[in-house]
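Chain nomenclature is as follows: A, B, C and D, assigned in order of appearance, with residue numbering initiated at 1 for each chain independently.
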Amino acid sequence: MNKVVKDAREAIKGIEDGMTLMVGGFGLSGIPENCISALVESGVKDLTCISNNAGVDDFGLGLLLKKHQIKKMISSYVGENAEFERQLLNGELEVELIPQGTLAERCLAGGAGIPAFFVPAGYGTEVAEGKEVREFNGKPHLLENALTADYAIVKAWKGDTHGNLIYRYTANNFNQPMATAGKITIAEVEELVEAGELDPMQIHTPGIFVQRIFKSTNYEKRIERITER
Amino acid sequence: MALSKEQIAQRIAQELEDGYYVNLGIGIPTLVANYVPEGIEVILQSENGMLGMGQFPEKGKADADLINAGKQTVTILPGGSFFDSAASFGMIRGGHVDLTVLGAFEVTDQGDIASWKIPGKMVKGMGGAMDLVASAKNIIVAMQHTSKDGQSKLLKECTLPLTGVKCVKKIVTDLAVIEITDEGFVLLERAPGVSVEEIKAATEGRLVVKGEVPEMAFS
Amino acid sequence: MNKVVKDAREAIKGIEDGMTLMVGGFGLSGIPENCISALVESGVKDLTCISNNAGVDDFGLGLLLKKHQIKKMISSYVGENAEFERQLLNGELEVELIPQGTLAERCLAGGAGIPAFFVPAGYGTEVAEGKEVREFNGKPHLLENALTADYAIVKAWKGDTHGNLIYRYTANNFNQPMATAGKITIAEVEELVEAGELDPMQIHTPGIFVQRIFKSTNYEKRIERITER
Amino acid sequence: MALSKEQIAQRIAQELEDGYYVNLGIGIPTLVANYVPEGIEVILQSENGMLGMGQFPEKGKADADLINAGKQTVTILPGGSFFDSAASFGMIRGGHVDLTVLGAFEVTDQGDIASWKIPGKMVKGMGGAMDLVASAKNIIVAMQHTSKDGQSKLLKECTLPLTGVKCVKKIVTDLAVIEITDEGFVLLERAPGVSVEEIKAATEGRLVVKGEVPEMAFS
C-alpha cells in the first residue's frame, strides 16, 4: 500500500477536462493551494468545481476562474470575487448556489452512501424549485441529493502515510466532509508523518477515504480580512 | 431618535440568557457580542466550524486557520471546540443553537425574510443564511426600519428573493422592537423619542399596537 | 452556565415512566454504568430504550430488563442476554430490531435536524415492511426516519465543564451520535476537567449537545470476551 | 476432502489485494486475518469503530475500551484510527470498504442471503449484517456447503428471513469456490479431492459447471 506521492503535479494525475472536483476550504482558509496551482499549470478545463467559495480574484479558485478552466461552480457563497461576478453576468460561467449547510451535508451523504435526505433549508425559496417537498412534524422540507466528485482535493494540517488526516482550527470546514466524497481523494498536508505517529483517537479523516497524499510546500495562507484588537 | 447600529446591537443583547449558544451574522449582529450583559455567559457559534468564538486576536497574532464565518481572524475561548462544516450545520439544523441574530433586506409581517440576493445587482450567494433561518427556534433580525431613500423594509410581501418563509420571530430596528405573531408586526418597544406614529409611517406591513408602547431602556 | 451535576442520581432527575432514552455503548463497552445503576435504583419504568445492545443478564441494560423497567427495546443486536430472550418470547417486552448502521444514522439524523433519509440496508427484508422504497442509481433504498429521545445518556472518557467530550478507543461507538439526539443529554465521564483543558481540535462531542455532566465512579468496565494472544 | 474452517479462511485470503480495506465478520471470516499473503498489506475495519484492527492483546493487556465487533478484546495497528458507529457505517455504506467477508445460513443462486434469524429459535438481531451486505461492492460468504444433517445451504430460495437480496458475489465453502452470476452458482474451484458430482449433489440451487474445474491451490 502506497498512498504517498511526490508533489501536487503527481497528485492531480488523471484529472481530465470536464471532470467534477470537490475543493475544500472556507474562503481562503484551508484551501489546497498546491493542487490549485498544479491545476492552473496543467491547463485542464471545463471543470465543475464544488466548493463553498470561489476564492478571490487572484487567489484560490479565482486562479482557475481567471484562466477560464471552470465551466460550472457549485457553491454557497461566491462574493469577494469580481472576476467571478463578471463571468457569471456575461454567461461565461454556470453557477449553482446551494445553502451552505445543505452543501456540506450533500457531500457527507455522498461519502456515506446516503443518496438523498430531507432538510428544511430553502423551502419556499428559489432553491426549492424542482425539488420534492414533504412535511415532517408540521414543517416542510426539501429532498436533497448526495454529491460526489471524480476527485476530492483537500488540505489538512497533519497527515500520515496511511492517509489519516488532522485539520487545524477552522481550516477543517469543508475539507472533512469532502474528503469522504471523492472517487479519488487527494490530500495535501503541511506535515506528513509515518503511520503510527498520529493519535488514532484524534484522526478527523480516517485513511480509508484518502487515495493520495503529499507534503505541501510554500504555503501563502493568505488572510481575507485581518482583524486585530 | 433612531438608534445607532451599536444601540440596535445593545438592545438585542438584552435578549441573551445565561448559557445560550448564539450564532451572530455579519454586520450589526456581530456587534451584539460587545454588549453581553454582566453575569451572563453566552457561547458564540461560527458556522464555519467553531464554538466559543472569542474576540479579534492581538496585533500580530492573526492566524489564517482561525477565522469566523465573515472571514475575519478571531480567537477561541476556553471550552470552545472546532469541527467541520457538516457538523456545524448539524448543530444549527438540529435546533441546538438557542438564538440566531442576522441582518435582512426585507421582512414581512408573516415572518418571511429576504436577505441574500438583489437580482441583477448582487450574486454573492446565500451562504448559511437559508440553513439558519429554516432551522433556528429563535431568530432575531437586526436591520434598519427603512432604506436610505425612506422605503419601508417591514413589508406585507417581500419584493426580493426569499431566504426563508414564516421564520422570523422578532425584529430590532433603529426605530422599534417588534414581535411577529399571527396578527402581524406587534410593536413591543419604541426607540427613545420615536413616536408610534413615526413607526406606523415607516412600516408597510400590518403593524399591531396594543395599549401603551414603552420606550426601550438602556442601562 | 452550569452543566456539572454531583452524581448519577442528580443527573437522571426528570426521567419519568414511559420516556424514551438513548443509551450509548456497544456490547458492554462504553456504557454509562453509573446512570444505569441510578435508573435501576430510581425504579422508573415503562422505558423505551434505544441502544445497540441490551447488555448481558446481570450487567448493562440487562439490569433494567431484569427489573422489568423496560417496555420496549430499539436495538440492532440483543444476543448474549437470556433474560431478554425469555421476556421477548413471553411477550413481556416489545422489540424493534434495526440494522446497526441505520440505527446509528437515525440517531445522527435526529441530532442534525434531518427528519428522513434513504439507505440501501434492509431492502427486500422484513426491515423494509411499511417503508417507502425508492431507486437511486438503479439500486433500491428505504426511507428511514430520524430518532430522538427525551434523554440521551452517554459515557465518555474525558469531559469538561462546558460539556465537551472525548471518547476512548472503541468506547466511542454509539455515544457520539446519540449525544446529539437527546432533548436532554447526560454525560458521565471518567475524568472531568475545567473548560480550556481539552484541546479544542480533539473534541468528539462539542458541549452544545450536552446539558448535564458528572464525574463517574466505581467503573467495573466488564469485558464480554477476553481474548488474548 | 472437505476443507477445514482454517482452509476456507486460507482460500478466502487469496482474494486479498494490497491496500484493501476489509471487514471480516464473526466466525470463519475472522480467521482470514491469519492468512494474509506475504507482501500484502490489508487494513481491517471493525464496524464498532476502528480501522487497523490488530491481533488479540498480550496476556494481561486486554482493555474493555478496545474491542471488535464480536466483542473480543483486540489491539490497533500503527496507522489505525477510531471513530463512532455512524462514521463507521458511513464508510461501509459509502463503498469505501473493498471487501466484506461474512458467514451465512443460506445463500441463493441470485445472491440473496439469510444470516440473522431463525424464527422461533433465535432472536439476536441483524447487527451490522444488513448494512454490510446492502452496501459492499464485493462480498464473499464463508460457509459450510451443507447443514449438519446434509441439507444444502446453497439454494434456489432462502427458507429463512433474508439479510439482503442479490448482493453476494462469491462463496467459499468447505467444498467449492463459487461465483454468483446471472446464470446462477458458477463453480470456479473444487476442494482438493472433491468431485464436481459431490458438489452438484450438495447444491440445491442452479449450479453452472463450465469445462474443467480446477482444484483449489494452497501454498
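Keep in mind that, in the parts below, a contact is a pair of C-beta atoms (placed from the backbone, for glycine too) under 8 Å apart; a residue touches a chain by one contact, two chains touch by 3 or more.
Just so you know, these numbers come straight off a predicted model, no measurement behind them.
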item: Which of A-B and B-C has more C-beta contact pairs; value: A-B
item: Centre-to-centre distance between chain D and chain B (centres being mean Cα positions), rounded to whole Å; value: 55
item: Whole-Å gap between the CA centroids of chain A and chain D; value: 36
item: Whole-Å separation of chain centres (CA-atom averages), chain A against chain B; value: 29
item: Residues within chain B bordering two or more other chains; value: 76, 82-83, 89-90, 92-93, 135
item: Two or more partner chains touched - positions in chain A; value: 105, 108, 112-114, 119-120, 167-169, 200-201
item: Chain pairs in mutual contact under the definition given at the outset; value: A-B, A-C, A-D, B-C, C-D
item: Complex contacts: residues of chain C adjacent to chain D; value: 26-30, 52, 75-80, 85, 88-89, 95, 97, 99-105, 107-108, 119-127, 157, 167-177, 204, 221-229
item: Interface residues, chain B side, partner chain C - complex; value: 18-19, 21, 41, 43, 45, 51-52, 76-83, 87, 89-97, 135
item: Of chain D, residues touching chain C in the complex; value: 46-50, 55-68, 70-74, 76, 82-86, 88-90, 92-93, 112, 123-131, 134-135, 161-166
item: List of chain A residues in touch with chain D within their complex; value: 1-2, 108, 110-114, 160-162, 164, 180, 194-196, 200-201, 203, 206-209
item: Chain C contact footprint on chain A (complex, rising order); value: 105, 109, 112-120, 134, 136-137, 141, 166-169, 200-202
